[in-house]
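The following pair of complexes shares a single chain, subunit A, combined with subunit B in the former and subunit C in the latter.
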Partner chain A sequence: MPSPTCRPASGCLSSPHENRALPSLNLIGQSLLAGLFTGGLYALLGLGLSLTWGLLRVINLANFALAFLGAYLTYQLATAFRLDPILTLVVIVPGFFVVGIGLELGFLRFKINELTSLIVTFGLTVILESLIQWIWTADFRRLEWPYTRVSLRIGTLFVGLTGLLAFGAAALLTLGTWAWLRWSYLGKAARASAQDGPMAGAFGVNRRRLALLLAGLSAAYAAVAGLFIALNHTLAPSQIYSWIGVVFAAVIIGRLGNALGLLAASVFIAASEALTMAVTAPGWAPLVSFTLLIVILLLRPEL
Partner chain B sequence: MLEVEHLEVAHGDAVAVWDVSLSVRPRDLVTVVGPNGAGKTTLINAIAGLQPIRSGTVRLDGGDLASVPAHELCRHGIALVPEGRRLFPAMTVEENLEIGCYAPPARRLRGQSLERVYATFPILRERRRQLAGSLSGGQQQMVAIGRALMACPRLLLLDEPSLGLAPQIVDQVFAVVAGIHADGVAVLLVEQNVVQAFAIAARGYVLEQGRVVAEGAPSQLAQDARIREAYLGQQ
Partner chain C sequence: MIASRLPPALPLVVAGVALALVPALKLPAFYETFLYLVLFWVSLATSWNILSGYAGYFSFGHAAFFGAGVYTTATLTTAVDVPFLWTLPAAGLVAALLGSGIAAVVFRVRGVRGELFGLLTLAVTFVLSTIALNTKIDGGPGVFLAAVPIPTLFGAPATTLYHLALAVALLSAFAALAIYRSRWGMGLFAIRDDEDVAEVLGVPTYRYKLVAFALSCFIAGLIGGIHAMFVTYVTVAETFSVGLTVDAIMMAALGGTRFWYGPVLGAAIVTALTQSLTGGESAILNRALIGGILIVVIVFLPDGVAGGLGRRGRRAAVSPVETATPLAVELPRAPATWQAAAPLLACTDVKKAFRGLQALAGVTLEVRAGEILGLIGPNGSGKSTLINVVSGYYQTDGGRIALDGRDIARVRAHRIAGLGLARTYQIPRSFRRLSVVDNVALAAMFGGGGHGRERGRRLARSWLAFAGLEAKADALPDELNLLERKFLDLARALASEPRLVLLDEVLSGLTPAQMTDALQLVRRIRDRGTTVVFVEHIMRAVLDLADRVVVLSYGQVIAEGLPRQVMRDPEVVRAYLGKAYA
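For the complex of A and B:
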């Protein structure tokens, strides 16, 4: 389990709790809000994973390391050049898009399958973690920017601005991706290719180009996730691993390649975690995602 | 329009088709018949670009198709109704049809082509929002044929479209194939239902163990004692 500072699902986006004994309505509301925001981060992190897993049969663990690399790059550009963190995406997103294409070129070249992709990208994750540690050390880094500590007060609830932004970005990207896959020719071609590649090819789908596009997009999503991790959390290289389990659960519960399902599952898991922590103790939160995963897999085995 | 010469195709080291030559002229309806495992699917898939060619040539309107990537073949006017239908089961009927017109020239005619397919198979219009995987076998075959028609082909390749269907659906499928041919599309039809295939074809090839053992007009082939016995169930 992650570091002492701030675990994804903790209430660190919210105000301090006043009453520990009985969860008040206010505390529940605050927890649900934290769940919404943390769920947004899960969805942003899971989007690339869900797309490449569902449509390309590549389980890309390196997505998590890429997101952290993105978070550190945002931190670096913002602190060294006083560049607004959100503006750093203008550089990082296209860069990551190219990195995603490069990775997929390698996967295609070595005809990687689901299992080998898991192993190879685990290796990549370890390498990227070392790289991050070598450049930025294992010390905790916290991006401070005028808006990182801003909270809006709505009624009795405190709404953290960066959390709200994270959820907004997640909603925008998952909805956009879902609509694109559902209605555009390219999206239909991507789904058809996942079901019967050679037949899609026979009707004119250039599967190689499509795969590169999807892999590039997935890496670009990791860059966006990185931005919001940097805005909402203290960074340490080892924290890459603390997100993997829960995001996997969200990706599977939401169904592979289903962006809207991913958003719903992410928010559901994060809200359940936040509520569990509010009602019991923070230590129980990690149990939540996997209990949910197992229960849902039992109820819906046809996954 | 289609000329296959000395074609050899293998699955790994196992040669499944060798020294096959055949031709389909514009507006022709040609059938290839033969027993299970004769290499019919291997042959038609090789023409459609799904199977690499070991030697020999496949030419369309004089142009060699060996150098054309599989995903560009449909731009040359070839569409395939594959063995076992191979629909995209988790996509709707209409989405399956839309993949048929994915290539830009056919995509521009999407609305018109959809109308034509729905006019041919009215049941598909009713089912257009349903997942293809949930349809009956006959309806799935209609989607497979419809998907190929959406590509506006000049040459339609069909691999045993009547396989596993109820008798009256089989009749409907053959009527549709004859209709497509009557509209001016060249057809290469692989079949085991020799009687019905010979009834609509202008020419036939008999494939056995990967080789062409007889060719000619169906009426002529039907007079061959051995073919009558093996394929038409007559003495």
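For the complex of A and C:
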């Protein structure tokens, strides 16, 4: 029953919490934890996007479709050959690395810029989506494996094992990538090429090989993201698009090419979403991340 | 003028009349539905193109404004019982107001361009859909419109919707055509290539973008209102869908975003393809096919189908009328309204800092009407910053800048251009996709002269002749060499008929022979009555050319006077060569 003072804008029409009691500490804790795990997935999905956008000036929408292709491949290998989902990475990651290199070869060959990359990779996304739908149909698929339903109990909080793994992988990969870009010679060369390509080339940076390496890595990250999507979520081809908006928000708020910033932004967005869901109605969650994105773009537009 | 507008508009009128008569043929309903969908997409793609194609601000939020129209009609017809037709203007206006509100904020932020603008508008889509979903606007289950009566104008209700969609499609095509052929369109194209240069040349970029966005949103809202009745059941997921935006973008890109009829072509092609391939098994194939077409077109036809068609005719398209025009159009002289005694430009204690770096630490100098003033100083002394501040590209942190007695320190760059100030760039900045003659014509149209398009083009050819570039008039700037591009920059600055022109290192990178040409050109500019300030490192040129010299060092004036005097000033020698030589 909506109370008379209830304004529609507060979301109470579809809110299950009609009495507006403050959520318990336990609920907040559980929400933050969920935010942490979802944030890990955002970061995994965004890592490839952030790298190719920030360092190669390619906005690769196909990254999302690749991640889902990876998820479906994991699902297929796990269900058909009873292969442990995590082990499927041994096959999928190198395969995707090659695919990423192939894509970048095409982008370089046809001199794709940021704007055209967006349109071309959207075309690729549509093709991959059709491929997935053709092979696995539009039905929902759920990967069941002994550890997908395992929860650890810490105090009063429940911690899903696969969520924890996703966050662990995200933390490991983003930190590793950040450190690699910051301190290694190759990483410095990559950042120098992004700032002034011809100049970096004049100082002996093999930009082409570097670009191929980064593109391959980004696709490999998409494979890892795919694994955790398969472990944590129900799969459907149309789901590809549901991740794009929020991951873009995380990539931009975290600053392009900045892996650590991406992780922080991902966790922040996911946690604020989870809190919004706990405090108001689940439907309001997207408002948080996108309002945040708009405000940040307006206040600090320089990328 | 009117005659030149007829050829493209006439087929549009004929097509409009022919399409309006289609329902009278009593064809199976399938055809009317198909044509409705074509018109629907023509409206969406063309309206998207008015801002995004012309000015290069790719909006990924077209669905948001379309959705604003859909839900305005849905809400007004169901909740308030407003008759359907009356809701349409409201649908357009709500979308346009929303768009202008967003634009008024976004277009003030200089950094939000290109893909960032795209993402911002994308985010707007999600914000609006969340609001609609969680409030009374939709609330979740969607809105049924089946009970809303549709007036019958010329036949069944479906035919009414068809005619309405036709009207909106024609409106958008006519608007796109009119803008394409107007000053406004020229300004939008310049914004797409280099917005900063366009603003400094006198294009009111902020207003142009804002109005283009508002119009684009208005049409999207209008077709949204009609489409709400067409689908009779509106849901948030189907309305505020990124897929809808992307489809519109794809159609515009496929047809060619630089042509007013590009989106029309694209919409017709894609809709025909989708409709002929729908049904059963082929639905998946169909989507994949569209994805494939999109890739192929972008990779092989970067200017779209219209660009592909146009490329063949580009050389032939130079109309004989234009080339036959005698080149000796009387060039307007710089207005001689100044009094010789009064300074044309007076900077008083001008300051500008970038974070911690004080680029200009209180510069005070005067430029007298009719002189050639050399502005010299070591690298990093603030010469280019001063030009950027005076031309309005940067805002001053303090001080007064007066052009002919009028304070311009807080005036927008395009207004300063209108007051008679022009500049060139150290590295020439041309509009890449405009022909050489249009580069110059733009300045003639938006500068002090404010000429019409045709006269601007004729004057541009004369200015090109003045700079010795008449043979390259129809080339693209990329086809010119460095000297030619510098001269193009100059011709463009002159075409805006300035009283004062600021030249930023015109001579750098030129060979000695080219330098002599350039020096002569600068002298001829002054002889026409234009005051010249030139920044230069090459001392031979400074001694040769300047009536007076001002020396900057660390953002301050350290000397000024006659060239040979100033060169001997120990302070100046120290600034350039260090203490040991002073």
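One rule holds in what follows: the second predicted complex is superposed on the first by the 279 of 303 C-alpha atoms of A that agree within 3 Å, B and C clash if a C-alpha of one lies under 4 Å from a C-alpha of the other, contacts with A are read in each partner's own complex, and residues count from 1 in each chain.
As a working rule, contacts are C-beta pairs under 8 Å (C-beta built on N, C-alpha and C of every residue); 3 or more make two chains touch, one makes a residue touch a chain.
Quick caveat: nothing in here was measured; it's all calculated off a predicted structure.
Novice: Putting subunit B and subunit C on the same copy of subunit A, do they fit or clash?
Specialist: After superposition on subunit A, which the two structures share, subunit B runs into subunit C.
Novice: More subunit A residues touched by subunit B or by subunit C?
Specialist: Here the partner covering more residues of subunit A is C.
Novice: Which of the two partners, first being subunit B and second being subunit C, lies in contact with A:161: first, second, both, or neither?
Specialist: Neither subunit B nor subunit C is touched by A:161.
Novice: Counting only touches as set out at the top, which of subunit B and subunit C does A:206 meet: first, second, both, neither?
Specialist: It touches subunit B, and subunit C stays clear.
Novice: Which partner does A:297 reach: the first (subunit B), the second (subunit C), both, or neither?
Specialist: A:297 contacts subunit C only, not subunit B.
Novice: One more residue to check, A:83. First (subunit B), second (subunit C), both or neither?
Specialist: A:83: touches no partner chain.
Novice: Contact-wise, after the overlay, does A:28 reach subunit B, subunit C, both or neither (first, second, both, neither)?
Specialist: In the superposition, A:28 contacts neither subunit B nor subunit C.
Novice: Show which residues of subunit A lie in contact with subunit C when the two form their complex.
Specialist: 8-9, 11, 13-14, 59, 110, 112, 114-116, 118-120, 122-127, 129-131, 133-134, 241, 244-245, 248-249, 252, 281, 283-287, 290-291, 293-294, 297-298, 301-303
Novice: Residues of subunit C touching subunit A in their complex?
Specialist: 58, 105-106, 109-112, 114-116, 118-120, 122-124, 126-127, 129-131, 133-136, 139-140, 242-243, 246, 249-250, 253, 284-285, 287-288, 290-295, 298-299, 302
Novice: What does subunit B use to touch subunit A in their complex?
Specialist: 48-50, 70-75, 79-80, 82, 86-91, 95-96, 98-100, 102-103, 106-107, 147, 151
Novice: Spell out the residues on subunit A that touch subunit B in their complex, using ranges where they run on.
Specialist: 185, 188-189, 191-192, 195-196, 198-207
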